[in-house]
Amino acid sequence: MYIGQVSGTVVATIKHEAFHARKLLIVDRLSPEGVPTGAYDICVDVVQAGVGDKVLVMDEGNGARQILKRAVAPVRAVIVGIVDDVELDNS
Amino acid sequence: MYIGQVSGTVVATIKHEAFHARKLLIVDRLSPEGVPTGAYDICVDVVQAGVGDKVLVMDEGNGARQILKRAVAPVRAVIVGIVDDVELDNS
Amino acid sequence: MYIGQVSGTVVATIKHEAFHARKLLIVDRLSPEGVPTGAYDICVDVVQAGVGDKVLVMDEGNGARQILKRAVAPVRAVIVGIVDDVELDNS
Amino acid sequence: MYIGQVSGTVVATIKHEAFHARKLLIVDRLSPEGVPTGAYDICVDVVQAGVGDKVLVMDEGNGARQILKRAVAPVRAVIVGIVDDVELDNS
Amino acid sequence: MYIGQVSGTVVATIKHEAFHARKLLIVDRLSPEGVPTGAYDICVDVVQAGVGDKVLVMDEGNGARQILKRAVAPVRAVIVGIVDDVELDNS
(Lines give C-alpha, C1' and ligand atoms only; values in the text may rest on other atoms or scores of the structure.)
Protein backbone atom coordinates (compact mmCIF):
# COMPACT_ATOMS: atom_id res chain seq x y z
CA MET A 1 0.00 0.00 0.00
CA TYR A 2 1.02 3.58 -0.40
CA ILE A 3 -0.13 7.01 0.70
CA GLY A 4 -1.80 9.02 -2.03
CA GLN A 5 -3.75 12.18 -2.59
CA VAL A 6 -6.83 12.44 -4.77
CA SER A 7 -6.13 15.00 -7.47
CA GLY A 8 -8.99 14.52 -9.87
CA THR A 9 -11.56 12.32 -11.55
CA VAL A 10 -11.74 10.44 -14.81
CA VAL A 11 -14.91 10.06 -16.84
CA ALA A 12 -14.70 7.08 -19.15
CA THR A 13 -17.01 4.73 -20.97
CA ILE A 14 -16.38 1.26 -19.52
CA LYS A 15 -18.77 -1.54 -20.14
CA HIS A 16 -17.71 -3.98 -17.40
CA GLU A 17 -20.39 -4.11 -14.70
CA ALA A 18 -17.82 -3.97 -11.91
CA PHE A 19 -17.40 -0.29 -12.73
CA HIS A 20 -21.10 0.62 -12.67
CA ALA A 21 -21.72 3.49 -10.29
CA ARG A 22 -18.07 3.53 -9.22
CA LYS A 23 -16.20 6.80 -9.28
CA LEU A 24 -12.74 6.61 -10.89
CA LEU A 25 -10.30 8.84 -9.04
CA ILE A 26 -6.82 10.02 -10.03
CA VAL A 27 -4.56 9.45 -7.04
CA ASP A 28 -1.03 10.88 -6.92
CA ARG A 29 1.43 8.71 -5.08
CA LEU A 30 3.02 10.63 -2.20
CA SER A 31 6.28 10.14 -0.33
CA PRO A 32 5.87 9.48 3.41
CA GLU A 33 6.59 13.20 3.87
CA GLY A 34 3.60 14.03 1.66
CA VAL A 35 5.44 15.08 -1.50
CA PRO A 36 4.06 13.84 -4.89
CA THR A 37 6.44 11.32 -6.44
CA GLY A 38 5.22 11.77 -10.00
CA ALA A 39 3.53 8.35 -10.11
CA TYR A 40 -0.25 7.91 -10.04
CA ASP A 41 -3.02 5.34 -10.33
CA ILE A 42 -6.59 5.50 -11.51
CA CYS A 43 -8.37 4.04 -8.49
CA VAL A 44 -11.76 2.68 -7.66
CA ASP A 45 -13.08 4.26 -4.47
CA VAL A 46 -14.91 2.47 -1.66
CA VAL A 47 -14.63 5.09 1.07
CA GLN A 48 -16.24 8.17 -0.53
CA ALA A 49 -12.94 10.02 -0.84
CA GLY A 50 -12.94 13.46 -2.43
CA VAL A 51 -10.44 15.60 -4.31
CA GLY A 52 -7.66 16.71 -1.94
CA ASP A 53 -8.11 13.83 0.52
CA LYS A 54 -5.06 11.88 1.66
CA VAL A 55 -5.83 8.22 1.17
CA LEU A 56 -4.39 4.74 1.56
CA VAL A 57 -4.20 2.84 -1.73
CA MET A 58 -4.10 -0.94 -2.09
CA ASP A 59 -2.13 -1.47 -5.29
CA GLU A 60 -2.47 -5.21 -5.94
CA GLY A 61 -5.26 -6.79 -7.93
CA ASN A 62 -6.10 -9.74 -5.72
CA GLY A 63 -6.12 -7.56 -2.62
CA ALA A 64 -8.19 -4.93 -4.39
CA ARG A 65 -10.80 -7.51 -5.41
CA GLN A 66 -11.05 -8.63 -1.79
CA ILE A 67 -11.69 -5.07 -0.65
CA LEU A 68 -14.48 -4.85 -3.23
CA LYS A 69 -15.73 -8.25 -1.99
CA ARG A 70 -15.89 -9.52 -5.56
CA ALA A 71 -13.91 -12.49 -6.85
CA VAL A 72 -14.29 -11.05 -10.32
CA ALA A 73 -13.43 -7.39 -10.77
CA PRO A 74 -10.93 -6.00 -13.22
CA VAL A 75 -9.22 -3.62 -10.83
CA ARG A 76 -5.65 -3.15 -9.68
CA ALA A 77 -5.84 -0.19 -7.31
CA VAL A 78 -8.48 0.64 -4.71
CA ILE A 79 -8.69 3.43 -2.15
CA VAL A 80 -9.11 1.50 1.09
CA GLY A 81 -9.04 4.25 3.68
CA ILE A 82 -8.74 7.90 4.51
CA VAL A 83 -5.39 8.76 6.14
CA ASP A 84 -5.99 10.44 9.47
CA ASP A 85 -2.37 10.88 10.52
CA VAL A 86 1.18 10.07 9.43
CA GLU A 87 3.81 9.96 12.14
CA LEU A 88 7.41 10.01 10.95
CA ASP A 89 10.47 9.52 13.07
CA ASN A 90 13.07 11.93 11.74
CA SER A 91 15.39 11.75 14.68
CA MET B 1 -5.24 1.54 -14.23
CA TYR B 2 -3.62 4.41 -16.02
CA ILE B 3 -4.49 6.91 -18.73
CA GLY B 4 -2.87 6.20 -22.08
CA GLN B 5 -2.92 7.27 -25.66
CA VAL B 6 -2.91 4.92 -28.61
CA SER B 7 0.16 5.71 -30.72
CA GLY B 8 0.33 2.80 -33.13
CA THR B 9 -0.23 -0.83 -33.92
CA VAL B 10 1.90 -3.96 -33.85
CA VAL B 11 1.62 -6.73 -36.39
CA ALA B 12 2.98 -9.97 -35.04
CA THR B 13 2.63 -13.67 -35.62
CA ILE B 14 1.18 -15.15 -32.44
CA LYS B 15 -0.23 -18.61 -32.39
CA HIS B 16 -2.29 -18.47 -29.18
CA GLU B 17 -6.00 -18.44 -30.02
CA ALA B 18 -6.74 -15.70 -27.48
CA PHE B 19 -5.10 -13.28 -29.90
CA HIS B 20 -7.07 -14.29 -32.98
CA ALA B 21 -8.77 -11.29 -34.55
CA ARG B 22 -7.53 -9.02 -31.73
CA LYS B 23 -5.77 -5.80 -32.65
CA LEU B 24 -2.55 -5.17 -30.73
CA LEU B 25 -2.18 -1.49 -29.95
CA ILE B 26 0.83 0.49 -28.71
CA VAL B 27 -0.37 2.65 -25.84
CA ASP B 28 1.82 5.39 -24.38
CA ARG B 29 1.33 5.91 -20.67
CA LEU B 30 0.32 9.51 -19.94
CA SER B 31 0.58 11.63 -16.82
CA PRO B 32 -2.76 12.85 -15.44
CA GLU B 33 -1.99 16.11 -17.27
CA GLY B 34 -1.77 14.20 -20.55
CA VAL B 35 2.01 14.21 -21.04
CA PRO B 36 3.68 10.94 -22.24
CA THR B 37 5.80 9.43 -19.46
CA GLY B 38 8.03 7.36 -21.73
CA ALA B 39 6.49 4.04 -20.66
CA TYR B 40 4.19 2.01 -22.89
CA ASP B 41 2.32 -1.28 -23.14
CA ILE B 42 1.25 -3.43 -26.04
CA CYS B 43 -2.46 -3.78 -25.29
CA VAL B 44 -5.33 -5.91 -26.41
CA ASP B 45 -8.31 -3.75 -27.33
CA VAL B 46 -11.94 -4.47 -26.47
CA VAL B 47 -13.44 -1.04 -27.15
CA GLN B 48 -12.48 -0.39 -30.77
CA ALA B 49 -9.99 2.34 -29.88
CA GLY B 50 -8.04 3.99 -32.67
CA VAL B 51 -4.71 5.76 -33.01
CA GLY B 52 -4.80 9.05 -31.11
CA ASP B 53 -7.58 8.03 -28.71
CA LYS B 54 -7.13 8.61 -24.98
CA VAL B 55 -7.89 5.36 -23.24
CA LEU B 56 -8.05 3.73 -19.83
CA VAL B 57 -5.68 0.76 -19.51
CA MET B 58 -6.07 -2.11 -17.05
CA ASP B 59 -2.50 -3.22 -16.39
CA GLU B 60 -2.92 -6.40 -14.35
CA GLY B 61 -3.24 -9.87 -15.85
CA ASN B 62 -6.05 -11.25 -13.74
CA GLY B 63 -8.12 -8.10 -14.18
CA ALA B 64 -7.37 -8.07 -17.90
CA ARG B 65 -8.55 -11.65 -18.29
CA GLN B 66 -11.81 -10.74 -16.53
CA ILE B 67 -12.39 -7.88 -18.96
CA LEU B 68 -11.89 -10.33 -21.82
CA LYS B 69 -14.25 -12.76 -20.02
CA ARG B 70 -11.74 -15.57 -20.46
CA ALA B 71 -10.17 -17.44 -17.58
CA VAL B 72 -7.32 -18.35 -19.89
CA ALA B 73 -5.77 -15.54 -21.90
CA PRO B 74 -2.11 -14.63 -21.91
CA VAL B 75 -2.56 -10.89 -21.56
CA ARG B 76 -1.36 -8.32 -19.08
CA ALA B 77 -2.77 -5.04 -20.40
CA VAL B 78 -6.19 -4.34 -21.89
CA ILE B 79 -7.80 -1.12 -23.07
CA VAL B 80 -10.99 -1.06 -21.03
CA GLY B 81 -12.50 2.27 -21.97
CA ILE B 82 -12.28 5.48 -23.91
CA VAL B 83 -11.50 8.48 -21.70
CA ASP B 84 -14.19 11.11 -22.14
CA ASP B 85 -12.88 13.64 -19.65
CA VAL B 86 -10.14 14.17 -17.06
CA GLU B 87 -10.84 16.71 -14.34
CA LEU B 88 -7.82 17.81 -12.33
CA ASP B 89 -7.87 19.97 -9.24
CA ASN B 90 -4.85 22.24 -9.49
CA SER B 91 -5.92 24.67 -6.86
CA MET C 1 11.88 -9.55 -0.39
CA TYR C 2 13.86 -6.49 0.49
CA ILE C 3 15.56 -4.97 3.51
CA GLY C 4 13.70 -2.02 4.98
CA GLN C 5 13.68 0.27 7.96
CA VAL C 6 10.57 1.30 9.85
CA SER C 7 10.33 5.08 9.72
CA GLY C 8 6.85 5.77 11.00
CA THR C 9 3.24 4.80 11.38
CA VAL C 10 0.03 5.57 9.51
CA VAL C 11 -3.31 6.02 11.20
CA ALA C 12 -6.14 5.43 8.78
CA THR C 13 -9.79 4.48 8.85
CA ILE C 14 -10.07 1.15 7.04
CA LYS C 15 -13.16 -0.94 7.32
CA HIS C 16 -11.84 -4.30 6.09
CA GLU C 17 -11.60 -6.72 9.03
CA ALA C 18 -8.18 -7.97 7.94
CA PHE C 19 -6.78 -4.69 9.23
CA HIS C 20 -8.42 -4.79 12.66
CA ALA C 21 -5.84 -4.41 15.39
CA ARG C 22 -3.02 -4.38 12.84
CA LYS C 23 -0.45 -1.61 13.01
CA LEU C 24 0.34 0.00 9.63
CA LEU C 25 4.02 0.87 9.41
CA ILE C 26 5.90 3.05 6.92
CA VAL C 27 8.94 1.09 5.78
CA ASP C 28 11.70 2.72 3.74
CA ARG C 29 13.34 0.39 1.26
CA LEU C 30 17.09 0.19 1.91
CA SER C 31 19.99 -0.80 -0.33
CA PRO C 32 21.97 -3.84 0.88
CA GLU C 33 24.42 -1.31 2.34
CA GLY C 34 21.60 0.18 4.41
CA VAL C 35 21.02 3.39 2.47
CA PRO C 36 17.38 4.47 1.85
CA THR C 37 16.50 4.15 -1.85
CA GLY C 38 13.60 6.60 -1.80
CA ALA C 39 10.97 3.87 -2.22
CA TYR C 40 8.66 2.79 0.60
CA ASP C 41 5.68 0.58 1.40
CA ILE C 42 2.91 0.79 3.95
CA CYS C 43 3.25 -2.61 5.60
CA VAL C 44 1.24 -4.79 7.89
CA ASP C 45 3.38 -6.02 10.77
CA VAL C 46 3.38 -9.50 12.23
CA VAL C 47 6.61 -9.37 14.22
CA GLN C 48 6.06 -6.40 16.54
CA ALA C 49 8.59 -4.21 14.76
CA GLY C 50 9.13 -0.69 16.00
CA VAL C 51 10.29 2.58 14.49
CA GLY C 52 14.00 2.35 13.60
CA ASP C 53 14.06 -1.45 13.28
CA LYS C 54 15.65 -3.02 10.24
CA VAL C 55 13.17 -5.49 8.82
CA LEU C 56 12.64 -7.99 6.03
CA VAL C 57 9.64 -7.14 3.85
CA MET C 58 7.69 -9.63 1.72
CA ASP C 59 6.42 -7.51 -1.16
CA GLU C 60 4.05 -9.85 -3.01
CA GLY C 61 0.36 -10.21 -2.22
CA ASN C 62 0.00 -13.98 -2.34
CA GLY C 63 3.11 -14.48 -0.22
CA ALA C 64 1.95 -11.79 2.20
CA ARG C 65 -1.42 -13.45 2.66
CA GLN C 66 0.34 -16.73 3.44
CA ILE C 67 2.41 -15.04 6.14
CA LEU C 68 -0.82 -13.72 7.64
CA LYS C 69 -2.31 -17.23 7.30
CA ARG C 70 -5.40 -15.81 5.64
CA ALA C 71 -6.49 -16.72 2.13
CA VAL C 72 -8.39 -13.46 2.01
CA ALA C 73 -6.51 -10.34 3.07
CA PRO C 74 -6.09 -7.22 1.00
CA VAL C 75 -2.38 -6.76 1.62
CA ARG C 76 0.64 -6.50 -0.61
CA ALA C 77 3.53 -5.96 1.81
CA VAL C 78 4.15 -7.58 5.18
CA ILE C 79 7.06 -7.30 7.60
CA VAL C 80 8.09 -10.92 8.00
CA GLY C 81 11.16 -10.64 10.18
CA ILE C 82 13.61 -8.48 12.07
CA VAL C 83 17.01 -8.31 10.36
CA ASP C 84 19.71 -9.41 12.79
CA ASP C 85 22.68 -9.11 10.47
CA VAL C 86 23.62 -8.30 6.87
CA GLU C 87 26.91 -9.69 5.61
CA LEU C 88 28.19 -8.18 2.38
CA ASP C 89 31.16 -9.37 0.40
CA ASN C 90 32.88 -6.26 -0.89
CA SER C 91 36.11 -7.93 -1.87
CA MET D 1 3.42 -7.07 -23.37
CA TYR D 2 6.34 -5.18 -24.78
CA ILE D 3 8.47 -5.16 -27.91
CA GLY D 4 11.92 -6.65 -27.43
CA GLN D 5 14.96 -7.73 -29.36
CA VAL D 6 16.86 -10.92 -28.73
CA SER D 7 20.45 -10.01 -27.89
CA GLY D 8 21.90 -13.26 -26.60
CA THR D 9 21.49 -16.55 -24.81
CA VAL D 10 22.06 -17.76 -21.28
CA VAL D 11 23.40 -21.20 -20.44
CA ALA D 12 22.47 -22.20 -16.92
CA THR D 13 22.03 -25.33 -14.88
CA ILE D 14 18.35 -25.45 -13.86
CA LYS D 15 16.84 -28.59 -12.52
CA HIS D 16 13.13 -27.80 -12.95
CA GLU D 17 11.66 -29.94 -15.75
CA ALA D 18 9.75 -26.99 -17.23
CA PHE D 19 13.08 -25.73 -18.54
CA HIS D 20 14.18 -28.97 -20.20
CA ALA D 21 15.03 -28.39 -23.84
CA ARG D 22 13.96 -24.74 -23.59
CA LYS D 23 16.34 -22.07 -24.84
CA LEU D 24 16.78 -19.13 -22.48
CA LEU D 25 17.10 -15.89 -24.41
CA ILE D 26 18.21 -12.44 -23.30
CA VAL D 27 15.66 -9.95 -24.62
CA ASP D 28 16.29 -6.21 -24.48
CA ARG D 29 13.16 -4.16 -23.95
CA LEU D 30 12.71 -1.65 -26.79
CA SER D 31 10.78 1.59 -26.99
CA PRO D 32 8.00 1.64 -29.62
CA GLU D 33 10.52 3.40 -31.85
CA GLY D 34 12.89 0.44 -31.49
CA VAL D 35 15.44 1.96 -29.12
CA PRO D 36 16.72 -0.24 -26.23
CA THR D 37 15.44 1.07 -22.90
CA GLY D 38 18.13 -0.53 -20.76
CA ALA D 39 15.74 -3.11 -19.25
CA TYR D 40 15.79 -6.78 -20.17
CA ASP D 41 14.29 -10.16 -19.32
CA ILE D 42 15.56 -13.69 -19.55
CA CYS D 43 12.78 -15.29 -21.57
CA VAL D 44 11.61 -18.74 -22.45
CA ASP D 45 11.05 -19.03 -26.19
CA VAL D 46 8.14 -20.81 -27.88
CA VAL D 47 8.48 -19.38 -31.39
CA GLN D 48 12.05 -20.31 -32.35
CA ALA D 49 13.30 -16.71 -32.19
CA GLY D 50 16.96 -16.05 -32.90
CA VAL D 51 19.47 -13.40 -31.93
CA GLY D 52 18.56 -10.09 -33.58
CA ASP D 53 14.86 -10.89 -33.97
CA LYS D 54 12.26 -8.35 -32.85
CA VAL D 55 9.80 -10.16 -30.63
CA LEU D 56 6.67 -9.67 -28.55
CA VAL D 57 7.21 -10.54 -24.87
CA MET D 58 4.47 -11.54 -22.44
CA ASP D 59 5.77 -10.33 -19.09
CA GLU D 60 3.30 -11.78 -16.59
CA GLY D 61 3.62 -15.20 -14.99
CA ASN D 62 0.06 -16.43 -15.29
CA GLY D 63 -0.16 -15.35 -18.91
CA ALA D 64 3.24 -16.88 -19.64
CA ARG D 65 2.18 -20.21 -18.18
CA GLN D 66 -0.91 -20.17 -20.41
CA ILE D 67 1.25 -19.61 -23.50
CA LEU D 68 3.32 -22.63 -22.45
CA LYS D 69 0.08 -24.56 -21.84
CA ARG D 70 1.30 -25.62 -18.44
CA ALA D 71 -0.45 -24.79 -15.20
CA VAL D 72 2.84 -25.29 -13.42
CA ALA D 73 5.89 -23.58 -14.88
CA PRO D 74 8.18 -21.22 -13.02
CA VAL D 75 8.35 -18.54 -15.70
CA ARG D 76 7.58 -14.86 -15.81
CA ALA D 77 8.45 -13.84 -19.36
CA VAL D 78 7.83 -15.70 -22.60
CA ILE D 79 8.46 -14.71 -26.22
CA VAL D 80 5.03 -15.11 -27.75
CA GLY D 81 5.55 -13.89 -31.29
CA ILE D 82 7.85 -12.45 -33.90
CA VAL D 83 7.12 -8.79 -34.64
CA ASP D 84 6.45 -8.35 -38.34
CA ASP D 85 5.71 -4.64 -38.32
CA VAL D 86 5.32 -1.67 -35.99
CA GLU D 87 3.26 1.24 -37.26
CA LEU D 88 3.59 4.47 -35.31
CA ASP D 89 1.54 7.58 -35.76
CA ASN D 90 3.92 10.49 -35.29
CA SER D 91 1.71 13.12 -36.80
CA MET E 1 13.98 -13.93 -14.81
CA TYR E 2 17.13 -11.93 -14.56
CA ILE E 3 20.85 -12.51 -14.15
CA GLY E 4 22.17 -11.72 -10.68
CA GLN E 5 25.23 -12.06 -8.54
CA VAL E 6 25.19 -13.14 -4.93
CA SER E 7 26.75 -10.37 -2.86
CA GLY E 8 25.93 -11.37 0.69
CA THR E 9 23.64 -13.02 3.20
CA VAL E 10 20.91 -11.83 5.52
CA VAL E 11 20.34 -13.26 8.97
CA ALA E 12 16.81 -12.61 10.14
CA THR E 13 14.33 -14.04 12.57
CA ILE E 14 11.40 -15.31 10.52
CA LYS E 15 8.85 -17.59 12.03
CA HIS E 16 7.19 -18.98 8.87
CA GLU E 17 8.17 -22.63 8.41
CA ALA E 18 8.83 -22.16 4.70
CA PHE E 19 12.03 -20.37 5.67
CA HIS E 20 13.35 -23.01 8.05
CA ALA E 21 16.85 -24.06 7.06
CA ARG E 22 16.76 -21.81 3.99
CA LYS E 23 19.63 -19.42 3.41
CA LEU E 24 18.58 -15.89 2.51
CA LEU E 25 20.94 -14.41 -0.06
CA ILE E 26 21.36 -10.84 -1.25
CA VAL E 27 21.42 -10.92 -5.04
CA ASP E 28 22.40 -7.85 -7.07
CA ARG E 29 20.58 -7.57 -10.37
CA LEU E 30 23.07 -7.44 -13.25
CA SER E 31 22.77 -6.11 -16.79
CA PRO E 32 23.28 -8.72 -19.53
CA GLU E 33 26.86 -7.40 -19.73
CA GLY E 34 27.34 -8.23 -16.05
CA VAL E 35 27.20 -4.74 -14.57
CA PRO E 36 25.20 -4.25 -11.32
CA THR E 37 22.05 -2.19 -11.99
CA GLY E 38 21.58 -1.00 -8.42
CA ALA E 39 18.51 -3.20 -7.85
CA TYR E 40 18.56 -6.30 -5.64
CA ASP E 41 16.37 -8.98 -4.15
CA ILE E 42 16.59 -11.06 -1.00
CA CYS E 43 16.31 -14.55 -2.47
CA VAL E 44 15.67 -18.03 -1.23
CA ASP E 45 18.28 -20.42 -2.63
CA VAL E 46 17.62 -23.92 -3.94
CA VAL E 47 20.88 -24.52 -5.78
CA GLN E 48 23.51 -24.02 -3.09
CA ALA E 49 24.80 -20.78 -4.56
CA GLY E 50 27.58 -18.94 -2.79
CA VAL E 51 28.76 -15.35 -2.53
CA GLY E 52 30.18 -14.24 -5.90
CA ASP E 53 28.23 -16.75 -7.98
CA LYS E 54 26.34 -15.56 -11.05
CA VAL E 55 22.82 -16.88 -10.79
CA LEU E 56 19.47 -16.93 -12.55
CA VAL E 57 16.67 -15.44 -10.43
CA MET E 58 12.97 -16.20 -10.84
CA ASP E 59 11.28 -12.99 -9.68
CA GLU E 60 7.59 -13.92 -9.58
CA GLY E 61 5.85 -15.41 -6.58
CA ASN E 62 3.81 -18.12 -8.25
CA GLY E 63 6.77 -19.29 -10.29
CA ALA E 64 9.00 -19.18 -7.21
CA ARG E 65 6.58 -21.34 -5.23
CA GLN E 66 6.60 -23.89 -8.05
CA ILE E 67 10.39 -24.06 -7.96
CA LEU E 68 10.16 -24.73 -4.22
CA LYS E 69 7.44 -27.31 -4.94
CA ARG E 70 5.22 -25.75 -2.31
CA ALA E 71 1.80 -24.30 -3.03
CA VAL E 72 2.16 -22.23 0.10
CA ALA E 73 5.41 -20.32 0.55
CA PRO E 74 5.70 -16.61 1.14
CA VAL E 75 8.47 -15.97 -1.38
CA ARG E 76 8.82 -13.74 -4.40
CA ALA E 77 12.36 -14.40 -5.63
CA VAL E 78 14.22 -17.68 -5.86
CA ILE E 79 17.66 -18.54 -7.25
CA VAL E 80 16.82 -21.22 -9.79
CA GLY E 81 20.17 -21.88 -11.38
CA ILE E 82 23.86 -21.11 -11.62
CA VAL E 83 24.74 -19.21 -14.80
CA ASP E 84 27.39 -21.09 -16.73
CA ASP E 85 27.69 -18.77 -19.70
CA VAL E 86 26.18 -15.62 -21.19
CA GLU E 87 26.55 -15.13 -24.94
CA LEU E 88 25.83 -11.66 -26.23
CA ASP E 89 25.62 -10.62 -29.83
CA ASN E 90 27.22 -7.20 -30.03
CA SER E 91 27.65 -7.12 -33.76
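Letters A, B, C, D and E name the chains as they come in the text, with residue numbers starting at 1 for each one.
Everything that follows uses one rule, which is that a contact is a pair of C-beta atoms (placed from the backbone, for glycine too) under 8 Å apart; a residue touches a chain by one contact, two chains touch by 3 or more.
Just so we're clear, the structure is a prediction, and the values are computed from it rather than from any experiment.
J.: Could you name all chains that are in contact with chain C and with chain E at the same time?
T.: none
J.: Would you mind reporting the rotation angle for the C-alpha fit of chain C onto chain D, rounded to the nearest 5 degrees?
T.: That pair's rotation angle lands at 145 degrees.
J.: Find the geometric centre of each of chain A and chain C from their Cα atoms only, then give the gap between the two centres in Å, rounded to an integer.
T.: Spacing between the chain centres: roughly 20 Å.
J.: Can you give the whole-Å distance between the Cα centres of chain A and chain D?
T.: Distance between chain centres, rounded to whole Å: 32 Å.
J.: Using the touch definition from the top, which residues of chain D touch two or more other chains?
T.: As it turns out, chain D has residues touching two or more other chains at 61-62.
J.: Classify the inter-chain contact topology: is it line, ring, star, complete, or other?
T.: ring
J.: Could you give me the chain order round the ring, chain A to chain B and onward?
T.: The ring, traversed starting at chain A in the chain B direction, is A, B, D, E, C.
J.: Spell out the part of chain B that touches chain A in their complex, as residue ranges.
T.: Checking each residue of chain B against chain A gives 1-3, 31-32, 47, 56, 58-64, 66-67, 78, 80-89.
J.: Can you list the residues on chain A that touch chain B in the complex?
T.: Residues 7-16, 18, 24, 26, 28, 38, 40-43, 51-52, 61-62, 72-77.
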